[in-house]
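Below you'll find the structure I mean.
Letters A, B, C and D name the chains as they come in the text, with residue numbers starting at 1 for each one.
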Amino acid sequence: MKTNDQLRTTALADIEHISVHGRTTGSLSPLTLFWTGSALELEVTGSELWVEVEADYDTYEPWISIILNAEPVSRQMVTAGRRWICVFRGMNERVCKNIRIVKDTQAMSEDTACFLQIHAIKTDGEFMPVKKKPHKIEFIGDSITSGEGAIGAKEEADWIPMWFSAIQNYTYMTAAALDADYRVISQSGWGVLTSWDNNPNCSIPAQYEKVCGLLKGATNEKLGANRDYAFDSWQPDIVVVNLGTNDGSAFQTPAWVDPATGVSYKQRLHDDGSYHEDDIAKFERAAADFLTKLRLHNKKAHLVWAYRMLGIPLMPAIYRAVDTYKRESGDHHVSIFQLPGMTDETVGARSHPGVLAHEKAAAELAGYLKGILQS
Amino acid sequence: MKTNDQLRTTALADIEHISVHGRTTGSLSPLTLFWTGSALELEVTGSELWVEVEADYDTYEPWISIILNAEPVSRQMVTAGRRWICVFRGMNERVCKNIRIVKDTQAMSEDTACFLQIHAIKTDGEFMPVKKKPHKIEFIGDSITSGEGAIGAKEEADWIPMWFSAIQNYTYMTAAALDADYRVISQSGWGVLTSWDNNPNCSIPAQYEKVCGLLKGATNEKLGANRDYAFDSWQPDIVVVNLGTNDGSAFQTPAWVDPATGVSYKQRLHDDGSYHEDDIAKFERAAADFLTKLRLHNKKAHLVWAYRMLGIPLMPAIYRAVDTYKRESGDHHVSIFQLPGMTDETVGARSHPGVLAHEKAAAELAGYLKGILQS
Amino acid sequence: MKTNDQLRTTALADIEHISVHGRTTGSLSPLTLFWTGSALELEVTGSELWVEVEADYDTYEPWISIILNAEPVSRQMVTAGRRWICVFRGMNERVCKNIRIVKDTQAMSEDTACFLQIHAIKTDGEFMPVKKKPHKIEFIGDSITSGEGAIGAKEEADWIPMWFSAIQNYTYMTAAALDADYRVISQSGWGVLTSWDNNPNCSIPAQYEKVCGLLKGATNEKLGANRDYAFDSWQPDIVVVNLGTNDGSAFQTPAWVDPATGVSYKQRLHDDGSYHEDDIAKFERAAADFLTKLRLHNKKAHLVWAYRMLGIPLMPAIYRAVDTYKRESGDHHVSIFQLPGMTDETVGARSHPGVLAHEKAAAELAGYLKGILQS
Amino acid sequence: MKTNDQLRTTALADIEHISVHGRTTGSLSPLTLFWTGSALELEVTGSELWVEVEADYDTYEPWISIILNAEPVSRQMVTAGRRWICVFRGMNERVCKNIRIVKDTQAMSEDTACFLQIHAIKTDGEFMPVKKKPHKIEFIGDSITSGEGAIGAKEEADWIPMWFSAIQNYTYMTAAALDADYRVISQSGWGVLTSWDNNPNCSIPAQYEKVCGLLKGATNEKLGANRDYAFDSWQPDIVVVNLGTNDGSAFQTPAWVDPATGVSYKQRLHDDGSYHEDDIAKFERAAADFLTKLRLHNKKAHLVWAYRMLGIPLMPAIYRAVDTYKRESGDHHVSIFQLPGMTDETVGARSHPGVLAHEKAAAELAGYLKGILQS
């Protein structure tokens, strides 16, 4: 191998022009990427560029995708350890390239040892200013928004990071269609009130105000996941909430018993299969309260509750919750959008939306959000 | 990181059930993958699997894609050195998986130091028999068949391996549609008679009988690239020849002067832009002779000359060449198929066919080949 | 012209096997087709078949489409008078054909002279039993459901029957996809509470219990349009209500003043553009009452309110109305479905959904209704 | 019915601005439309317009399509007799409309009594100048080009005019995509040398120089079908020849015996299924001679032989024929284009290309012809 002796290593904190996507603590020494779709973005000249990454985990390894001039060129597992990954070689050194190193897998609430960091860049090029896009969108969701099953064969059944994608994902596609920067807050199995299996600790709203509050344990504490998130640093134009799918499942699954207290939690059905009034009311209250919390922190954003892709049973409750929020707050910058449903033709791995379902959802959602951005 | 102490390393040569795609010397100690689309295929149980690869190069690094149960899950550059790459982790150990490690980039005739090898597998699973597919297809071509430009933004202009793909490629797609095993012999810029710039040394037919004859230098010599290829080991049902695009360009580009002899080579045009009779005749003779050579080594294959995607100027000459071959040989198992042309909507990087152009070509070609396989 | 002397004329009332689609008075002497999508269906052998039609109007002429073996073969204006129209000639006399003569234009509430009748059939074939389809669907709607603009150039601005289609229409397409017989109750500009311009007389619910109550004048009285409709004669499995679009417009248009009483009607907006609570409540009350009326007459049908294609502003009110209806009635066989929106790519004539918008709506709606039919 | 007393009848010959498409004798008193796709085109203001047509036939009735502002609005059988057909009513009288009355069915060589004529127009509007399109294309073909099977169910087997379409046809679509005026010369079953069943009298080239030479009998003689065609009146930029499909079939069908002479005609196969050299040579000679004839009459046109949709067996012979023509003539403005093949998904009635096959062929052909028009 011919070595390129023009390469110089620069710690992230020493790079003049840098853009970080996704919620972080603000630290660049190193940069910890918590959420799926989080990314380091650079504009660089030069013929060659390497990125120094570090990862660890007990169970669920992180994956990254590399985007070069807005086109995905690489996707790979990042195994434990610290190492240099080559992003490009042999390119025209005078031409400026846009690169994004994107975390392809969600924050892993079940693996307290899991993290992904970026330490430094090695290149023979110069860093140029990174252009901000004209719009900002925050997506909040569950496994659908985490891109679970967007990669992999239909018969895959293992719950492993490989099947997750931040790129074959309606969030990435919608943001690209609208020329928007975006962030994602998402977790498979979680809901507004409880998880799919009635666990009230798995509530996205409860963790919304932390940098990445669903990550527990000493490592994540040290990395700052549980710090208060500085909402002022990034105010979106639109917040898309794609939650409710797991809250709907909770009505169909057994009770969850808190091992610490012995208390049992269950969203109940009547004998005729209809939702118990008290329990659907709990969901509605939680949804309305979440809207209040979102408005508290996102002063100017239009709030859009986007629901479906995997069924639509809670839509009436979501409409009631939004009505309640509007009535209580007097705030009218909130609306509901029904996403297209997944079909036999568009299913991916693990019975979750495949890439075709994400493309269809993105096309419809982008059309709807475009109207909001233009109004 | 929790370590999996059940992992055992096995050299390729010691694996009972193994399938290798693409022309090789037959060696598994290690396995050298020469051509794009070449691959190691395994059926394995187990929860985790790693592959030990080794690469080197002066200029053009190899890339690989990983296919799991027929779905692409990873694509990455393989930088110089020998290392373990994790293919999967955390899967159900009792379920058998099909994996393919595919060379995503062509043999690099311009880089005598370039190679990609696979040494060993590390897994906690068992190797199971790999099923052969019911059909075999060989594709022979140039940059189109090498998938140049199938990945990357339209504005990309650098000639680098990153823009090549064996997967976003009509060869892979056609074979998948027909449930066929396949091999690829291809090189950007090369033709039947000469390269795009009139170099007569860049002729695919001249190298066809070697394992990978276009690779030169001591390293490749040692790896066996220049050994006679054992055609008996793999007899295809169909040979697709997608050549002619660069032979057409040779009429439009300046003469090539052999630096060793000072002899000048040029496919000439008349003043009115039509092809010079003598030179088009040379192309036709070369094409007919290539068919003769193909038949010599592929006794039972239907030969299909598939041409277009980037223009169609040599089609009349190709028809004449096939007529000549048929007349001289009495062999009628040869035909010509016009591929769909690339359009502004389907162009990829470097003004080459993008993934949409490959998908369209594969759909049409697979439809045509299906008729041949059924007859 | 060679005359076919085997042709025999049979009055509709004398045909043993006949199927009529759409609400009628039951009379076949002649058969009056009131609503768009209404049709005469026959299964006939024979080489040739003619149908005797009669039409009149002051302003809006009727159009028909002819469907042969489920494929549209002809579409034509029916000008005033009584005449024979040839449906087919020269066919294999032994083969049985399915034919449908379909009214392509809506009942014209603005033209009291307009009617379309079928008197007789002339053929050399035999009438065979007409198969009933396994499902029955009723569609209730406005201009979208009347197929306004589904035919014609985008620049067309005249309000004329030519631009209406019962075939390039989501109702026809949805029914075909689900293998269902269907009926349509629809009128351009009408709504649940008022028309697009606040006229409370243009309310579909008010006319729902008559055969075709929105047709006025002596001619229609004689034809039986105002008779009570015999709901027992045809009980649908699903009723799709696609109303609300014009009720939404009423908030944006000037008041309507009843010329008889001088009373002014207006759905009001607040200064900030939000809906006046009293007026949106009136709409909700009307929508809930309509569901009650639908349930009264359609005992076993699942009721689906399908809304969008031309905006979505009343969706929260529709959800509230359905909630109210469910609470008051205890009936849970009712749901809401958001149709895909029309886009710049799918717009037709008169700024209404074109054929592509209808195809997309049908694909989504049919997928949703399929789930209901299977449950 | 309210009568429009502003309507005035004008004989075609008295209309100042008129455009006729397709080969005619030049007579407008009346205008006889011979070929499929032939049309009367007008630009008119006014609220209402009627056209007076006359038809007769023994077996095969003509059909027409009506195009209003470039969108098809009506399609109907024209039964024997002379009558007025209403084209539009109730339109804005000040707006100018473009209308085309198009013959939807081919010249019927098997029915000497068949004709379609237009006598007059009745309107309250004014005739405005009709714009010529920037390009002119002539299409020459067989049943594919006649649109046989482009309408109707897949199971249809009767050979009747109903299944023919000039609009759901690659000729209409290609011309529309290229903004071209166009003409069609076509006949089901006919070929270059013989018909599908070896009849040498059914050769398009033999009739090419007459207005519509394949129409026989006294009526057609009187209508001028057999007059020499005035090629000077309309010189195309491109001539597309879509012939060869029936010449290919002739090798597979029994001999045709001339009832007058007892002479037998047969394109022969060898025992191994290959074409007999003498007979394929006859086809090639006929094809080359046809190109010579086309060039004689179309001085400036690029000649394109477009072949496939229903198989490709004669493509090598067509390439040889074009080579022969080029060599003999020195003319290089001729090329060959392979159309996309019909598939199970795109088949229409009578095992012929359906509308999807025509759309695909038009997209590919228009892309190819665009390159020629721009060069």
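Things worth noting here:
Everything below uses one rule, namely that a contact is a pair of C-beta atoms (placed from the backbone, for glycine too) under 8 Å apart; a residue touches a chain by one contact, two chains touch by 3 or more.
What you are looking at is a predicted structure, and each value in this text was computed from that prediction instead of being measured.
Of all chains, D has its CA centroid at the greatest distance from the CA centroid of chain A. Here the CA centre of chain C is 38 Å from the CA centre of chain D. Rounded to whole angstrom, the centroid-to-centroid distance between chain A and chain D, based on C-alpha atoms, equals 58 Å.
Centre-to-centre separation of chain A and chain C, using mean CA positions: 45 Å.
Not a single residue in chain A touches at least two other chains. Viewed as a contact network, the protein chains form a single closed ring in which every chain touches exactly two others. Inter-chain contacts occur between A-B, A-C, B-D, C-D. On chain D, the positions that touch chain C within their shared complex are 1-2, 56-61, 68-71, 73-77, 79-80, 86, 88-92, 95, 113, 151-153, 155-158, 160-162, 349. The touching residues of chain C, counted against chain A in their complex, run 272, 274, 312, 315-316, 319-320, 322-323, 332, 336-338, 340-341, 343, 364, 367-368.
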